[in-house]
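The two complexes that follow have chain A in common; it is paired with chain B in the first and with chain C in the second.
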Partner chain A sequence: MAELCGLKYEDVQVGQEIPSFTHQFDRMDAVIYAGASGDFNPIHTNPYFAKDVAMLPDVIAHGLFNMALLGKTVVDWIGDPGYLKKLSCQFRGMVIPGDTVIFKGKVREKLEGNLVVLDVWAEKADGSDVLKGGEATVYLP
Partner chain B sequence: MVDHKWIGKTYGPLKYEIGREKMREYAAAAKDNRPIYHDEEFAKTTKYGDIIGMPNFAAVYALRGAGMVLLDQEIKLNLAMLVHGAQEFEWFTVVKPNDVITETGKIADIYEKGNLDFVVYEGEARNQKDELVCRSRATFIIRGG
Partner chain C sequence: MAELCGLKYEDVQVGQEIPSFTHQFDRMDAVIYAGASGDFNPIHTNPYFAKDVAMLPDVIAHGLFNMALLGKTVVDWIGDPGYLKKLSCQFRGMVIPGDTVIFKGKVREKLEGNLVVLDVWAEKADGSDVLKGGEATVYLP
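Then we have the complex of A and B:
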């Protein structure tokens, strides 16, 4: 059996940062995510609607797209997607085409039952918030 | 202000059949090409035996009730002023191709803070074996009260 998770609960330290994931948002990302998710709100896909009707600077990334990249960042660390037990976050900053977003996590607490709680968040290159107050709970063997 | 009488209003049951290519499409859209989401031959060598859905794929199979809240013609939320403020998913098992998910949900809370209205949806997704797959909690914020 191929083992997906290369981490061990006892090897994880409180305060440890997990590898970050960096993504530069492109307007095609939102078109593809709209199709995949079924969320066709034009603020994500139609720049004329976004600017002229919704008074936004441009189309903006789906919050749930950003959250999915946050989930990917945690799963990149743990290896086994089935070990991600909980993920939450607040949607704060808008992401427009060309913005670079960095997804991050840091171990907050180790619980009984081989559970590890992380603070997770996403910010732009200038440090402004994209996803804030996030929390991930993972199981580690 | 959103009338508090809608707290407790239920949505569903909503059925969703998990499709193999839809799982792959979602993972690819979320920039995740790990083999366990895409490659059946690889998946057969793991404990899962088949590809599994990316956890965040719950945005598709466990939030359809939230979409119904937004379009609820009795409540008539002001969509022009509405943003998705926060989201929480809790997973209990993985999803695989051909799983049939049943989502039931409710408006768990409505409250105000300053001139912001908050509407909270909570949903529960179960598979064809009646196993709990995912709990979701979506918080929507309506500006301007």
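Then we have the complex of A and C:
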């Protein structure tokens, strides 16, 4: 079977940035994610409820949807989803339809046992925080 | 095991109405049904698309969601979903959030083999058609 992960532990450098992933949030993302996650809070899918009841500017992306795209960004880099061992982050900013979010990562540390720790985060095109203080731990062959 | 279906073929009369089911459509119904069905057409969940692009009065219920409630009405009557053998109907009216729909059925014919055919339909509170010309065939012990 072909190796899903083309990266080698020895080739990764501390300070190295991984390819970023950019996504423009659409209200349909939240409709699909609601069904996938089972989180049917109307702040994510009903703009009248979001604006008139919850006093938000519009529906907002599920925080875990944003985090899932952060995970995707790391997994796209390593190739094999089984090599993502840990992922954490703080939810800092709301994302509304039309917002463009950039998901990023940078190698922080190489540990024994072929483990690599990355700083990961997400920000909008204007530089404001969406996900902050994130950490991903991956295994590399 | 207890019999799910308490109805007996011999007790059912031609012309008999079954208990109706009333449901007020909420836009969250369509969000949930989109995920359950995989039909993510934005006319069902995005009111801006529905109004501004599709020129509808608002999002509309999935036709098959309405039909599912028609099936539920029959199944609630017979008790055992396995006894619903056939269900068909015509889609005649759009349902938007806030619309109250009444799902109805009436025994049309008793056939050999313990089969019962019903006329089934759905209408709004103002009497306008939602589902018309429907037919359900059920088996009764």
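Keep in mind that, in the parts below, the second predicted complex is superposed on the first by the 141 of 141 C-alpha atoms of A that agree within 3 Å, B and C clash if a C-alpha of one lies under 4 Å from a C-alpha of the other, contacts with A are read in each partner's own complex, and residues count from 1 in each chain.
The working rule: a residue touches a chain if its C-beta (ideal position, glycine included) is under 8 Å from a C-beta of that chain, and two chains touch if they have at least 3 such contacts.
Every value quoted in this text rests on a predicted model; they were computed, and no experiment measured them.
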| item | value |
| --- | --- |
| Partner chain in contact with A:120 - chain B first, chain C second, else both or neither | neither |
| First, second, both or neither for A:71, with chain B first and chain C second | first |
| Partner chain(s) touched by A:82 [first = chain B, second = chain C, both, neither] | first |
| Which of chain B and chain C A:90 touches, first, second, both or neither | first |
| Which superposed partner A:23 touches (first chain B, second chain C, both, neither) | first |
| First (chain B), second (chain C), both or neither touched by A:46 | second |
| Chain A residues touched by each partner, larger count belonging to chain B or chain C | B |
| Which superposed partner A:35 touches (first chain B, second chain C, both, neither) | both |
| Shared contact residues on chain A - chain B and chain C | 32, 35-36 |
| Chain A-touching residues of chain C, taken from the complex the two chains share | 27-28, 31-32, 34-36, 40, 42, 45-48 |
| Residue ranges of chain B touching chain A (in the complex, touch as defined) | 22, 25-26, 28-32, 34, 36-37, 42, 45-48, 52, 54-56, 59-60, 80, 83-91, 93-94, 137 |
| Residue ranges of chain A in contact with chain B within the complex | 1-2, 4, 23, 29, 32-33, 35-38, 54, 63-65, 67-69, 71-72, 75, 80-82, 84-91, 133 |
